[in-house]
């Protein structure tokens, strides 16, 4: 039963609800004044200049990039290995393993942040970038495992048998057949882990010291602690760069799929 | 066209294929290699996730003195209960609101053409991916005194609508921010509903509304349950929105926990609060499992599917 | 790769008391089978799903370890050799082509594993493509090919490295009827050209009959009978084989010495006499005639009363579905241009010449060693009689 007109209008409104707030940020970044008035009275690129030249902001940005990159690599390596390991277990152990790995998703973030803060105090990992990487990796792991596992499930394991029947040793079969097919999932996981770390706020807030401030933390402070309109530029920067990545990804996927159809 | 057979190893050469000792291991999937591969991830999770949780649990029971003191004081200190209550109410409201908003959107999505559907999914995913902070900040701007919302209401004749600093404002922003978490699990269920089912209902005599109520709604219920549990659980522990949009007087539990930890260094008390929310979370998970009749991992798998969707879209892979 | 067809270049595979039990204590999937696969023959493992034929194939391929018994290649036990060293070609039901490689790379894969130099690799790949009549498709990806083309690539890939044995696991199952038939012809042609031993698994008895030199009929983990298609059709040996290979009219009576009694009266026996354990009389549909009344039955024939359940005209033939007095169903197949057929519900008398009947046992023999028909492939040339 096709949806009626009123339903369609409603969903249009909802779509707007989902997208518009984000687009508010971009015009704001070009505001001349220091108020949070929207739409702005006057336009300028002050805040972009501030963002790109401010030591504070650039430091935060660099930290975020470093942590996100390290997290992405670490989480993807560990998570991919875990997914492969899980696939070799019997069904019972596999579901148990999966449930355990999924735990960080269902535990409230605030509790994790608090617990990690307390423990890291003892381990002297507070205030370090290292500590952030470790914490972010732990919570990114479930997503990596899901992404890789999904891809793994989609690979027909008779391909492995076929490779054997054609004379490939197990290691060669993995390298030449399974790995190339797994790669898209691994890359997705990499991107996923990167973004989840880059965007992570709560844990980073708890572990925050001037030495390891990340961009989201800096942005949070810019609104709640010391009002700093540079956040508009920072927020736009993040929104635009991530959207670009997504759109490029979509186009690549679209082109790939078109190319495959006869 | 004859070929010579020299490239084929003569049958006798098979003699040289040395039979290795019984290698069951090489062919079937050996479990111990699997466990070995799991080890590093398990280690990371234990050290940086399980250990802190266990420690905080212990602390909540021992700091400042052993016993359930932290827990009982939650209920007796006169401050925590109202906050808890407020958090739960906000959570319920947000869950209901996201359900009401997500349903029509997802419904339209499930009937849309593949291109339209891709667009609609992207619309859901982009906010999912863009900085949570940026989104909160956007609402922060909209809700200012003399902000867009205020002026919009003023144009209709209602003055002084300043949502910033109010619990209502917090609820609205949380709804907007958590909406994708309702849409994705709901969509994954709705996309399985055969579109002809509604037509069948009408053909058998049920009106449109009746068809919807008796056929579509029950079929979509597992998605609602999964999405609803997810949204509620997330809103329980939500920190950023109430901290940015709300006021200290209207704190939610996460803010209370933050203050206890960072200002008072009361790990025991804050830990107790956290464990309390955790217990509530687990209860909800169990209840939702019963309600939707699926396995216990349904919530995780709902999030998983959401992740997978966003992963496949953003990563650009099919 | 393509030599004169006179030379037998296939391997001989011997299965001796081969068993596979997936869970201890449960019914074995494969229960002590003995089978000789002659070099160069086209042998089909035929049976319903779950009968153990695929499990057996997988054990020969090396993907499953036997629970008991041996697999021998030209007299040598290969049970310990892992699959990637057995040098058997295998064609899978779902093709199992590597989706990320082109057709050429897929076919070259086994040659790469064997370190064949690039120039020769290219040559042999092209030869293989010629063999399956897909020349020019080198740079396509599997997703750009139709099902039939994919299957042919899978075939090419499985033979390019000149294995001694080709295993085919229900390779045509996913294809529609016309495609199946054309690919069946391809497979036969390739078998003739290459002279390898082909071991083919299917549940489709028509396919088995048209392709094979010999067929091994599987039932519940055991081989009930092995023989040429004709031998199996004319002399099924057991009720299961009789029912599985083609249709039949069955009469459940009892052997009395060398005589047979059904429904209280004796049946004439000719050359074939019931054995000690045989108690079912089977007549094939094309061997029976239908008479309106007992008086119209030719002398010397056996007969049985029946009711016509349904009849259909199929151009080439007329098919009459029957029900006998004891409730069993049967069928008669008459030439299409014959005389009129009695209407549905009519009572008729079915008759046949005693020479056309055969006796089978209700159950297979209990001892594990099933009589194996060891006729060489060249001797059993005639195919099964034309069926419905």
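So that you can tell them apart, the chains are marked A, B and C in the order they are listed, and the count of residues begins at 1 in each.
One rule holds in what follows: a contact is a pair of C-beta atoms (placed from the backbone, for glycine too) under 8 Å apart; a residue touches a chain by one contact, two chains touch by 3 or more.
As the structure is a prediction and not an experimental result, all values here were calculated from the model.
In terms of the distance between Cα centroids, subunit A is separated most widely from C.
Which two chains touch most often is answered by the contact tally, and the pair is A-B. Centroids built from CA atoms put subunit C at 54 Å from subunit B. The distance from the centre of subunit A to the centre of subunit B, with each centre set as the mean of the Cα atoms, comes to 14 Å.
The multi-chain contact residues of subunit C, meaning those touching 2 or more other chains, are 62-63, 82-83, 85, 87.
Counting partner chains per residue, subunit A has residues 164, 170 touching two or more of them. Looking at subunit B, residues 26-27 sit in touch with two or more other chains.
For subunit B in complex with subunit A, the residues that touch the partner chain are 26-27, 29-31, 33-42, 44-45, 47-53, 55-56, 59, 101-102, 104-105, 107-109, 111, 118, 120, 122-127, 129-135, 137-142, 144, 146-148, 176, 179-180, 195, 198-199, 202, 208, 211-212, 233-234, 236-240, 243-244, 253-254, 257-258, 261-262, 267, 270-271, 274-275, 277-278, 281, 285, 295-297, 299-300, 303-304, 307-308, 310-318. Residues 1-3, 7-8, 10-11, 14-15, 17-19, 21-25, 28, 36-38, 74, 77-79, 81-82, 84-90, 93, 95, 97-120, 134-135, 137-139, 141-143, 145-147, 150-151, 164, 170, 184-185, 187-189, 191-192, 195, 198-199, 201-202, 205-206, 216, 219-220, 223-224, 231-232, 235-236, 238-239, 242-243, 245-246, 248-253, 256-257 of subunit A are the ones touching subunit B in the complex. Taken together, the subunit A residues at the contact with subunit C in this complex read 156, 158-159, 161-170, 172-173, 176-177, 180-181, 260, 262. The touching residues of subunit C, counted against subunit A in their complex, run 61-63, 82-90, 92, 94, 96-100, 109-110, 113-114, 141, 143-144, 157-158, 161, 167.
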